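Order as written gives the chain letters A, B, C, D and E; numbering starts at 1 within each chain.
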């Protein structure tokens, strides 16, 4: 059996230079993603690209505030991603609620529900700031400090407790069945 | 007809696990984690590649602005309400400000009106470029989209100089605007940018609007007729594509629009292609309007009403009353209804996003019978903007 | 319908003809210079009055709490501070960048011009309890901020690390040029803190 | 923008109001300003009145705005309709009691189909039940957990709700609890 | 006997290594050239290699059963097998058996492997994508068949190697009208094989989120990336062999120099084929699946059939 640890520096380099982003823009920050991905700022220079399939993605950008309804999808999408995976929170809202600090429908502290590696300030953050955050993530991957996915595994019970507290027990099943009655064939009048 | 609520109850009682659909249909959750429907979800009942039934599921962006606005001072609400329409954030600013101006009875200075009109038109151009990007990404001709996003950055830079921010400008406030035009150099830069974008329009035509395959993809897709569109409350380019010449800038003139010359495009087909072509033409017209505005030049004078009460913004009170104002955004008729009860906070603010009309029922109707490949194209041709449905 | 007195564009102007040939013109930028700004190597131009972080002239600030009242995000909290064992005469705004929307209405309403903003906008941090303290600060003096910005010229937050002791409420700013800046938070609100909490260990004057 | 409150400009609007009022004696109407008119209708006649408006070329329903007036114990529903033909915006105001079980309205979705969406919206945020709209119970913007609260009503205590739901409000200093909004 | 076996195995390994490397470079070139058309800088050319290493180094891996794992390996194996049949200059392992139809078939069946795997994951998007992929395969068959028939008719043989050798004396295939027609048809087919617009219907990121690929992650996707690289190499190589004259250099005395020269010539031809595909991909939107099928059964079929008839005359 080959000792794969020998190749770990190479792997770290590859992980750093090939961060695929899951294409799930969760808030207003999504509007700055197209400029970042396209010609002007061109994130592909760093090997980053938006990937429609969460199974292939490494980096999850929480672009802005998160509503409970979106958070459910975020959690599911996050769990679909294979390890190692990284999360970056954009702007003020995931950190402390932002301008929606008293809104009944916005999550205040995202780190209670999923782990986050890097957070950047701004409303919304300029592309330069986002790129700085991505640089930070790259540095952290190099140092091995980007370990939010490990934290999620280790403290899964705690995260799950918080999620269940917010959505109620068994929210995954409920969400899956929510639309069943409306998709049934409507009876004739 | 059996009430749907009874069906739900029945289903719940039976502890239904699986979808009691016909054998040859299946359900498909289209979004929100999907490239075509960012932050919007459509539940599709599919038969092979055909859509049998569609249910729009909004609400992923709901933050309760209408409630939040009741707790913030009048001017500050601008910083909040502009988030209703992210790609074109000046529109909610302007409608809210116009409604508040009307309640107070303020006559906005001419310079402020000029700046507001210019900012609105710039927002329209940038929003249309953003839309071209979206459309071409969904069609698969990524080149045009990349260009459009790059050219939009020029406008963003101008916005940044004028307002101090790239996306959320927080610029138009009740009584005028927050800052003056930075310098004459800015006007020249705007002129250059308008000319630059104008010179690049044929590129988009070549790749998107005159491309044979685009025609193949969009012709005859998602057809609405005039009667249907009117009864469903569709506005903006989507309505004009069905043959109704309704444009708020002409039908209910505001700001400097009565003095400006532009043509309102109307087509009768009502399909996705017609909607796309109308938007393409309006982009050209918006650039033309910007040129006229620049030729006109900003009138001299103050950029804000002078009112001693403005010195103390937190205590600023608006007399009791209500007003409705609306403007033409790239998505359609964007309206705000503001009620004041004489305090330093609004009593009620409602924003009417155009997408609530064409993004729910019309979408559900148009998707039925279309192929799965047409779903993103129809979505994009309607220019469905989820944040203004959710608010 | 009523007659229309505005201009309707003729259909011939709107409609386009499909073509197989014209798309090939889309290749024309293949050998042109890309429009990309190569960010780590190139610097972008930030507009002069870009709404970035706040600065605060502690001398000028009168603690009127206008900024706290106008803030749509309630990001500003008036804070009573103690610098070098001396209590500041007036409370100063403490700004939480986990809330701030950078609308700068607080700057607009500031009656003495003490609260200002600067173009710097980059603040990146790991999401850990001690590093995230960076997002909550009492802004530093504009001249100091400007100096730091001009010497580094990378639009970054001027403070590298903020130590906040939750028990003693002591705050230490480690500025980017190595300067250390210490003060102590006595309490929040517009009222002086000693009236509410007599039992705190701080006793200036 | 001229807010010509009165004067010769609003003659056209006055003519429209007169014409409508002639056929609907139960309603009250007035001209607000150029291109803005408003009617007040009792809640039970709303369907008749909107049918009349639709016949008189008021084609586009822009929104249904509920406004909560807890002091009067009423919810005001404002049907905002735009006429492409007359180029006039009309507000049809009606008031219904605000108690949950009494806050009921007949649906107008057969007159203006788009009203279905607006009615779902009003139901979700204000708890106004529109009878005859079978999509009333269909999930709309709010999530399951908020199903029984009506957040846009004036008596909804948002801060308390937020504190209960999301536990803490401030990350940096929990002692900072003197929130005044 | 054993030494010759080892020699062949070594040769096969070297070919595979070369093909994989060049294939990855091709993937990098696709991304860079596309980026330049988009007016941006684009990634470094070795980016696909990094992507693959990253995918292979993923710590957790999702599998949906035996067929899911097997399908991916099947795709890789079929592509490698196809590669071995295609003459690469004068070196090739199985070139003597390199039948046109066999190679065409082997180049197509990796798709089947991917489809098996995708279908077994049970994801509806993967199901949709697989249906589309099947239909694309079906649509492509007709013009492809006619193009192959035209070639076989013209050269009177099914052997790729013989066609290459015939071209060395008689000039490139595309200089003859019937084969030019066949080449045009085949090039349009190649667009679908590369998965570029307007025929990237089976992936269609904006429509069905990568279709069959949606469930692959980690090592499965890494293997598919390698497969894609080899397939890119093999497909371009096959095209340049049968239509662009291949390359069998015998000018030098040293056989190593000859090999290198022919590899270089082939590389240039392959790049030309690739660039055409990139250009078409950059400027055309995507067809829907029924439009694509109708398209393939119309123009490329007519062109290829005309070529076949002309070749038979």
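General observations
The rule is short, and it goes like this: contacts are C-beta pairs under 8 Å (C-beta built on N, C-alpha and C of every residue); 3 or more make two chains touch, one makes a residue touch a chain.
The shown structure was predicted, so the numbers you read here are calculated from the model rather than taken from an experiment.
Steps from subunit A to subunit B, minimised over paths through touching chains, total 1. The fewest steps needed to get from subunit B to subunit D, moving only between touching chains, is 1. Two chain pairs are in question, C-E and A-D; the one with more C-beta pairs in contact is A-D. Farthest chain from subunit B, judged by C-alpha centroids: E. A straight line joining the Cα centres of subunit A and subunit E is 36 Å long.
Averaged C-alpha coordinates put the centre of subunit B at 44 Å from the centre of subunit E.
Subunit A and subunit C have Cα centroids lying 24 Å from one another. Subunit B and subunit C have CA centres that are 28 Å apart. Counting only residues that touch two or more partner chains, subunit E has 35, 37-41, 205-206, 209, 282-284. The multi-chain contact residues of subunit B, meaning those touching 2 or more other chains, are 1, 4, 8, 34-35, 55, 57, 59, 62, 64, 67, 71-72, 79-80, 141, 143, 146-147, 150, 168, 207, 211, 214, 216.
Residue positions 38-40, 42, 45, 52, 67, 69, 95-97, 99, 101-105, 123, 126, 179, 182 of subunit A are each in touch with at least two other chains. Interface of subunit A with subunit C (complex): residues 39-42, 45, 89, 92, 95-99, 101-102, 111, 115-123, 125-126, 128-129, 131-133, 135-136, 140, 145, 148.
Taken in their complex, subunit B has these residues touching subunit E: 26, 28, 34-36, 46, 48-49, 136-143, 146-147, 150, 207-208, 211, 213-214, 216-217, 371-376.
Remark: subunit D residues 1, 3, 35-36, 59-63, 65, 67-68, 78, 80, 82, 84, 87, 89, 91, 112-114, 116-118, 121, 125, 134-135, 137-143, 151-152, 156, 158, 181 touch subunit B in the complex. Every residue of subunit A that touches subunit D in the complex is listed here, in rising order: 67-69, 95-97, 101-105, 107-109, 166-168, 171, 174, 178-179, 182.
Remark: subunit B residues 1, 3-5, 8, 55, 57-59, 62, 64, 66-67, 71-72, 98, 101-102, 105, 108, 113, 230-233, 235, 244, 246, 251-252, 254-255, 324, 326, 333, 335, 337, 339, 347-348, 350, 352, 356-357, 360-361, 389-390 touch subunit D in the complex.
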